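Two complexes follow with chain A in common, the first pairing it with chain B and the second with chain C.
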Partner chain A sequence: MKITYPHMGNLYIAIRALLLKLGLDPVLPPPTSRKTALLGVRHAPEFACFPLKLNLGNFLEAREMGADTVLMGGGIGPCRFGYYAEVQREILADLGVSMEMVVLEPPSGDWVTFKTRTRSLVGDCSWWQVLKAIRFAWYKARAVDALESKLLYLRPRLCEPLQLEAIYREALRRVDMAENRRGLDLAVSDFLKDTRGLPGKSGDLLRVGLVGEIFTVLDPYANYDIERHLGLLGVEVTRSIFLSEWINEHLFGGLFHVGGLDHLKEAASPYLNAFVGGHGRETVGATVHFARQGYDGVVQVAPFTCMPEIVAHSVLPAVTRDHGIPTLSFYLDEQSGVAGIVTRLEAFVDLLEARRKKRLKEGV
Partner chain B sequence: MIKVGIPRSLLYYSYFPLWRAFFTEMGAEVVVSPETNKAILDAGLRSALDETCLPVKLFFGHVLALTGSVDYLLVPRLISVEPKAYICPKFMGLPDMLRARIPNLPPLIDVAVDFSRGTGNWENVLSSMGRLLAGDRRLIRQACRSAQAAQSLFQEQLEKGWLLPEALNGAAGERGTERPAPPSPGSGRLNIALLGHDYNIYDEYISMNLIKRLRSMGARVATADLVSQAVIDEQAGTLPKKLFWTLGKKMIGAAFAFCDSGQFDGIIYVSSFGCGPESLVGELLARWVKRRRGIPFMLLTIDEHSGAAGLVTRLEAFTDMLLRREKG
Partner chain C sequence: MELYLGIDIGSVSTNLVMLDPLGEPYLAPLYLRTQGQPIAALQRGLAIIRDQLGKGDLVCGVGTTGSARQLAGVLVGADVVKNEISAHAVAALRILPEARTVIEIGGQDSKIIILRDGIVVDFAMNTVCAAGTGSFLDQQAFRLNIPIDEFGALAGQACTPVRIAGRCTVFAESDMVHKQQMGHTLPDIVAGLCEAMVRNYLNNVGKSKDVAPPIVFQGGVAANQGMRAAFEKALQAEVVVPRYYNVMGAYGAALLARDQTQRRAGTGFRGWQVSTMPFQQRSFECKACPNACEVIEIKQEREVLARWGDRCGRWGVTGAEADQAVQQH
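On to the complex of A and B.
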């Protein structure tokens, strides 16, 4: 069985570790590219959201590399992600591509089904080995998060951000290759050490929170490298949600007891008082949270036609009105041009700068 | 007399008899927004977020048509009307979206309707609504009963072959009056199954009179409302994974039932631009219908820019093709 799975930012590192530890043979699709997008767009429904199209492109590219099985996440709605695998299976079938779909549905109380499904995937592995593999994948995800958040912090602060990125890529490669926890810890601590001596800039930075739908937040292809563009404009970006949180919540059924996003749900009230699928409520909550923390602005990203994020976006004007935090929303799909996105980001950053200057003046 | 406003939009088409009977019995005056027109649509387009789908934009328009003239506005938070299935994220956030975007809203009756965990029922929902109007308990209980009677009469009429707008009018008539015999379904040569969410296909303005146009082209039109809930559940139960959208389930269950009946010449599926669930449901349906029966299938996407001429051309082409197939 040659098993493949879709890309979502650096998710591949954690999943590859999981599959290897389970004794499986993973096939990593090539990094998502224009070609991936075109393949996906050609065969996916026109108004499906962007991640579905990119996933499909990933599968087709992995097929060319010999993959015969797809590992996909599931869900119980109302967000469309929960039905992705069903649609993708039908599309592949109509294309005459014979790939089996293995869908990791969240356990949702039914542990027996969950157990048999997992068992069919892992074969002869003992449960102890499965648990160990999950734990190792989790540490990898945490290591990736540590690197990414440090990168976001440092990029606007250093004179040579490109040099930083090179060091980051090397550290990421080492995390990917690491075979035990010691290797992971070493990769992260070396990254921190290597970046410590780099010459920095002085001055007050603008701080922007990045909120929105998880795939477009985490995947630099899908969001047209929005974090990088902001960083190079001298803005410190803070994400509302990281990879490990999504993995824990979505794939491992909340196995690890980490902070969670409950505080964001509370902060969303009174603007959004109900669960609306996906991370819609967290988007609103995180915007309020960033405003309270004194951030200069919030950028929201979501796939075009994303339902939960549209609800969140609809109520954001009320958050702006009450908390005085500017927001900028991007809906992303295969049509987005990077020049247009950068222009809008530049205008937004100019606005934030002007606001800050005005405030300082009024303060004095 | 307290005036309760009900926007003529979204799930008005599914639950109006229930809501109307309840609030009337509670001693309130029920005010429904006018039928969709250009002014209502334009008002909706101005106040709703650009990215929302056409039906939600239209809902904003209907709400705006009522603000200022009613004491309460009925906008229940419709999360789920059956176990393990939802309507749509936008329905779940509807009261919040309105509050954030429309100033000077009348107080909303935004009781949550959530039967997703298998608990909860309309009686509890209606009671909570009744308490908002400060009615006494006996009155509420009585209003619940007549509301549910009105709703089941409505369901019955739909399954007997009434088109939904006709049944809505029937249910809106005086209680106790004789039910008129169901009107004949039209005397055309073609049998066409028209699928789409109620609020799209029965809104004459948005659907550009689709049903009447089909009838005038000599087609007999059947909709998903003809199919009983039991059949829909059974047909949708054949899917590899349970569909978690109530409206999508209805479309798929009805389409399968229509396919199996072997009585239909073609299926027309109406979807609105930007509808999330439909983007996947419509796609799956097109593939499955093709594999199952090979019945001709046409997807019509409507939005605020749709022109009637384009619609007519496509309908004519489709019906011509069906007629030619019949001959050949």
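On to the complex of A and C.
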């Protein structure tokens, strides 16, 4: 069984570790590129959201590399993502591409089904080995998060951000290659050491929170490198959700006790009190949260036609009115020109700077 | 005299504005068609301005804006390269310091800028739909065989503007054809079209924005009195169209260049010879990694002026190192 799975930012690192430790044979699709998008757009329904198209492209590219099984996430609630594995299975079948589809869903109470499904995937691995594999994948996800959040923190602060990115890429490669925890810890601590001496800039930075639909938040191809554009404009970006939090919640059923997303759900009240699917409520909550922490602005990203985020978007003006935090929303789909996105980001940064200057002048 | 040059290269027009040190236009602003060739349009504009300058005139600052702002900035050696939203806001505030809303409709995009106490507090640009921009008006004027500059005046003669679906240009067009065949008069149809475009703009671009007077209406489409009247009717407020409505981006860029160079002396302006220099541009797909970035390169004779479009910064360098990389490519 040659098993593949979709890209979502650096998720591939944790999943590869998991599969390898389970004694499986993972086939990593090539990094998402224009070719991936082209393949996905050609075969997916036009109004399906961008993640489905990119996933499909990933699968088709992995198929060319010999993959015969797909590991795909599922989900519950009004977001269409929960149904994507089924849609993708049908599309692949229509294309005459025979690939087995294994859907990982949060257990949501039904442990028996979860157990049978997992068992069918892991073959004769003992449960102890499965747990160990999950734990190692978890450490990898945490290591990736440590690197990413440091990158977001440092990028606007250093004189040579490109040099930082090169060091980051190397550290990421080492995390991916690491076979044990020692290797992981070393890769992270070396990254911290290597970036410590780099010449920095001084001055007060603008801080922006990135919220929205998880795939577009985490995947730089899908969001046209919004974090990077902002970082190079001298803005520190903080994500509302990191990879390990999503993995814990969606794939491991909240197995690990880390700061979950419950505080964001609470912060969303009174603006949005219902679960609207996906991370719609968390988007609103995170915006409130960032405002309370004194952030200068919030950028929301979502795939075009994403229902939960459209609901959140329509609530955000009320948050802006009450908390005085400006927001900027992007709906993303296949598009080769980033000019429109960059123009809006630049204008948003101008807006935030002007606001800050005005506040300083007024002594607020 | 000390002069400040603002350049706005958009999809449809290339505009140049010269300002005196007080921020007033020095020569008549230029409004040229880009025609898909931003470099040629820029050089044509620079040549026209150069020929009008007197002996003592000296360019002390240059600002660029518009979708080709980066390209233009490299070619002329700009002191400020600014996004068009901020540039338009600066210009509108200069004309009407108490403005609270700016409506800007250009050739292929439209924006709304919300201002409070002289600063931008919110903005939006059209995203997925180009309905309600200048290009669509152009196209419909052509179809109805009306010169575009008479379009607005015609709308003013309407008695009962017809209702046209403004959601999408495809539906708008079939609605218009239908109304024509039903026997509605041309002025009523044209006025109806303006109202449909205004509805589309307010629903898409102005969605959930706090549109408050005073309102400034700028961009090429502001020339159309029919559109202005339709906005006034929909918003129930006076809409101000500034004198230099179609070059406001360039005007803003020049103002920003003036502020910048007055604070920090010295300009990067490369001189008027830019208008006659041969520039070569090419693009290629980088093969170093699967991202396959489209890299754009601007050369002046053999010297690389700039490259951009890559994600990793590999091509972002100029000089010998990059030239070597290109040869290996």
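Heads up, the rule we're going with is that the second predicted complex is superposed on the first by the 362 of 364 C-alpha atoms of A that agree within 3 Å, B and C clash if a C-alpha of one lies under 4 Å from a C-alpha of the other, contacts with A are read in each partner's own complex, and residues count from 1 in each chain.
By definition in this document, a residue touches a chain if its C-beta (ideal position, glycine included) is under 8 Å from a C-beta of that chain, and two chains touch if they have at least 3 such contacts.
Everything numeric in this text was worked out from a predicted model, so none of it was measured.
A.B. asks: Thinking of the overlay built on chain A, is A:83 touched by chain B (first), by chain C (second), by both, or by neither?
C.D. replies: First partner only, chain B.
A.B. asks: Which partner chains sit in contact with A:314 here, chain B, chain C, both or neither? Use first/second/both/neither.
C.D. replies: both
A.B. asks: Could you say whether A:275 touches chain B, chain C, both of them, or neither, answering first, second, both or neither?
C.D. replies: Touch status of A:275: first partner only.
A.B. asks: Output check: A:25 vs chain B and chain C. Expected answer is one of first, second, both, neither. What do you get?
C.D. replies: neither
A.B. asks: Just chain B (first), just chain C (second), both, or neither: which does A:331 touch?
C.D. replies: After superposing on A, A:331 lies in contact with both chain B and chain C.
A.B. asks: For A:322 in the superposed arrangement: first (chain B), second (chain C), both or neither?
C.D. replies: It touches nothing on chain B or chain C.
A.B. asks: Looking only at contacts as defined up top, I'd like to know whether chain B or chain C touches more of chain A.
C.D. replies: B
A.B. asks: In the overlay, answer first, second, both or neither for which of chain B and chain C A:358 touches.
C.D. replies: After superposing on A, A:358 lies in contact with chain C but is clear of chain B.
A.B. asks: Once chain A of both complexes is superposed, is A:262 in touch with chain B (first), chain C (second), both, or neither?
C.D. replies: Neither chain B nor chain C is touched by A:262.
A.B. asks: For A:48, decide between first (touching chain B), second (touching chain C), both and neither.
C.D. replies: In the superposed model, A:48 contacts chain B only, not chain C.
A.B. asks: Which chain A residues contact chain B in one complex and chain C in the other?
C.D. replies: 304, 314, 317, 331
A.B. asks: Mind listing the chain A positions that touch chain B in their complex?
C.D. replies: My answer: residues 45-49, 74, 76-80, 82-83, 85-87, 89-91, 94, 103, 271-278, 280, 304-308, 310-318, 331.
A.B. asks: Sort out for me which residues of chain B touch chain A in the complex.
C.D. replies: Listed in rising order, the residues are 48-49, 51-52, 77, 79, 84-90, 92-93, 95-97, 99-101, 112, 239-241, 243-245, 273-280, 282-284, 287-288, 301.
A.B. asks: Provide the residue numbers of chain A that touch chain C in the complex, in ascending order.
C.D. replies: 30-31, 33-35, 162, 165, 225, 228, 304, 314, 317, 326, 331, 333, 336, 339-340, 342-344, 346-348, 350-351, 354-355, 358
A.B. asks: Can you name the residues of chain C that touch chain A in the complex?
C.D. replies: On the chain C side, the touching residues are 67, 82-86, 109, 117, 119-123, 125, 127-128, 208, 289-292, 294, 311-313, 316.
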